[in-house]
Amino acid sequence: MTKERQLLALKVVAGVILAIALLAFPFIFKKPFPQRMMILIFMYALLGEAWNILGGYGGQVSLGHAVFFGLGAYTSSFMLIRWGITPWLGMVVGILIAVAVSIIIGYPCFRLAGHYFAIATIAAGEIVGIVFLNWKLMGGAIGLFLPLLNESLLNFEFHSTKVPYYYIILAMLVVTVFIAYRIERSRLGFYFRAIKNDPAAARSLGIDLTKYKLIAMIISAALTAMAGTFYAQYVLFIDPFTVLPLMLSIQMCLIPVLGGTGTIAGPIIGSCILIPMAEYTRVYLAGKVSGLHLFLYGLLIIVFAVFQPAGLMGLIQRYRRRG
Amino acid sequence: MQPEMLIQTLVSGLLMGFIFSLIAVGLNLIFGVMDIVNFAHGDFLMLSMYTAFWLYTLWGVDPLFSLPICIVLLFVIGWVTYQLIIKRVLKAPMLAQIFSTFGLMVFLRHAALLAWSSDYRAIKETLLSGRIGIGGVFIPIPQLVASVGAIITFGLIYWFMQRTETGMALMATAEDAEAASLMGVNSDRMYALAWGLGAACVGVAGALLSTFYYIFPEVGYLFGLLAYIIVALGGFGSITGAFIAGIIIGVVEVLFGFLVAPAFKYVFVYLIYLIVVIARPQGLLGAR
Amino acid sequence: MALLEVNNLTKRFGGLVANDSVSAEINEGEIVGLIGPNGAGKTTLFNCISGFYSSDGGSVAFEGKDITRFSADQVCRKGMARTFQIVKIFKDMTVLENVMVGAFCRTTSPERAQQEALKTLELVGLVEKKDVPGGSLTIAGKKRLELARALATQPRLLMLDETMAGLNPMETREAVELLRKINAQGVTLIVVEHVMEAIMTISDRIMVLDYGKKIAEDVPEKIAQNEEVIKAYLGERYYARS
């Protein structure tokens, strides 16, 4: 077998092993803590991949992405509470609303240069946050409690065990990664990278900047909203402080930045490192030293921004090139 | 709505506006010279406020006397930030630049949370306290002193930029760093100076604010965000623009809070940012 | 009908008139040279025609249709491509990927884009370097890459802005040959150049700009003897002396 064939075979075998491990995980680790950890890792990896499409590939740094997460969560939850509509349908509606909002925000803001766009996303996020904080219909500062329904896939609620949630979010992550993978290899991916590298040159090659930035925005917002609905159904409680805050937006971009923007593996790696770190610091230092993990976050962001902007993937790629 | 209440509101908005202006001027200094947005600017303010607070609480130093200490301390912090962090991301992709100061913001804010808890603190008794009444309007003296201090500082900065050699070197670097360095201006020193001065402005603002505003780790967030909005409104790169815009925002904020609903007053401020930056990217007086 | 018609194109920057009522007709299959002293407005003209600047007066028509208000990407899709004075290659992408971006203008399929890109790379002689990151090429390589990338959009008209700046004599000769090959394949060329030898040999016609105005238009031999052109480049006093 040629060296290339060997490498491919190795990759396939590794992939199969990984798939089996992931699928079998809840049956090997039966306690809730590791299952919860994996669910969070998957969800944040998803959020990271979604952010990456706009930020890593498209080059538009959004610091207000929590908006789409919150819109997804609030839409499906509201529809469930008010009209008893299944969260799956609510998720679709939530995605549509998030997409609409992303166009409203994105279209006028895309002409803004990097920093101003980033600040605009913060401003937009704040506006939505304040609106929901004061919107009685949406629970205001108290938030929304989702009704406890019978366990079922249709109801998107499971009480006795977390395992179904595990598989659902894993499936969502796989879908997201697949979408990112397809984009990377398609014209979309090439155009995104071109826009990020040199917008003027991209225009000279027939690329309509606004159109493609919008496409990146829409895909990114839709995936983020999908995760929002998942979160709402998982925790069964949402409020502006958990689904709309700036901190969440920060986490959404920290994960791809840490792992490596503009790569598929980056957000996954970033999530695998960041989420356990956050959870452990939160659980073991809770109460006494609240916010320690965020303190470390800040330090991490600085260190990576300064020394390794390409993230961990950048380190890996550099290592690979030398070897 | 009585006219007195309206005037009272406007006056307090105006006074706050001067403080906003000062903070924004500091931000603009940094941005104008090197095209980098300091996301940690609000947290520099927070540090200055805490400095004044602890000097007062531990050693009984009145904020008025803490002022020079805050200025020097913040100048150093700004200068050090440049040397340790910013210098290394000057040539890095914009993503890295954004994240470097963004990370600093997260870091400082939570360091403060860890060190000093989230409790709201306040300086109760200052040398200059009380209030004076003009017509039917009551002007609290700390706010008045703060406004005057802000105006004086702005005047000093303006004079420095326009009339001293170093100041003009700074402006030259802002316009075209390469050309300026060909003229013998050391751009590295200018950048460090910009950071030091920008932070020092906030040092003044923080010491002044501490006399009448609550001190807590998240205080930097709001002021920082407002500062960007003001700078965008006034025009990135224009110090005078930032000053005027700060006053406008101060008035708008209280006005909308008064006329519509206090909870939503910031929504209008953010909306103004979005509208201005989309419709007129160069702001009121900006050149870019 | 001319392929490209420029009618009284004017562009001002504040008080400065960069292009002053410039008119020109480019016919299919030609190689037209555009020369003039620095600051004459050549790149500005390119920018106006290709949709990067909006003009302040006059009109541009391509294949008979008015494209004056077209944006840069629309112009490219219409069939007019351009290169830049200072190369703008995509540094983070390989040579092949760079050209594929151009090829994607005419197809959505990655396979076909790759085929097109490889063909174009063969034409310009960069195919061995196809997997090299764009940023690591020499200046000559980068210029050829940018040329290939623009070619991949299958333009009917290609505008080249100082493609030969910074090349040594051998590289210049290779570039001239390449342009001839491209022209032979049916691409009309407008070439801005300062390298006189190259542009005199390759052009069917030459237009001269000075201070925003077109001051001469003729075959290369006559241009070299045109008194306005000599005055523009070398100054009144030199002309008076000679």
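Every chain is named by a letter (A, B and C) in the order it is written, and numbering of its residues begins at 1.
Please note the rule applied: contacts are C-beta pairs under 8 Å (C-beta built on N, C-alpha and C of every residue); 3 or more make two chains touch, one makes a residue touch a chain.
Keep in mind the model is a prediction, meaning the values are calculated, not measured.
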Practice task
Work through the pairs of chains, note which ones touch, and then classify the graph as line, ring, star, complete or other.
Solution key: line
Practice task
Decide which interface, A-C or A-B, involves more C-beta pairs in contact, and give its chain pair.
Solution key: A-B
Practice task
Compute the distance, rounded to whole Å, between the mean C-alpha positions of chain B and chain C.
Solution key: 48
Exercise for the section: Provide the C-alpha centroid distance between chain A and chain B, rounded to the nearest whole angstrom. Expected result: 33
Problem - Gap in Å, rounded to a whole number, between the CA centres of chain C and chain A - result: 44
Completion exercise
Listed in rising order, chain A residues that touch chain B in their complex are 55, 59, 61, 63, 108-109, 111-112, 114-116, 118-120, 122-124, 126-127, 130-131, 133-134, 246, 250, 253, 257, 261, 289-292, 294-295, 297-307, 309
Problem - chain A residues within the chain C interface of the complex - result: 185-187, 190-191, 193-194, 196-198, 200-209, 262
Problem - Of chain B, residues touching chain A in the complex - result: 35-37, 85, 88-89, 92-100, 102-111, 113-114, 221, 225, 228-229, 232, 261, 263-264, 266-267, 270-271, 273-274, 277-278, 281
Fill in the blank from the handout: In their shared complex, chain A is touched by residues of chain C numbered 50-52, 71-74, 76-77, 81-82, 84, 88-93, 97, 100-102, 104-105, 108, 110, 113, 146, 149-150, 153
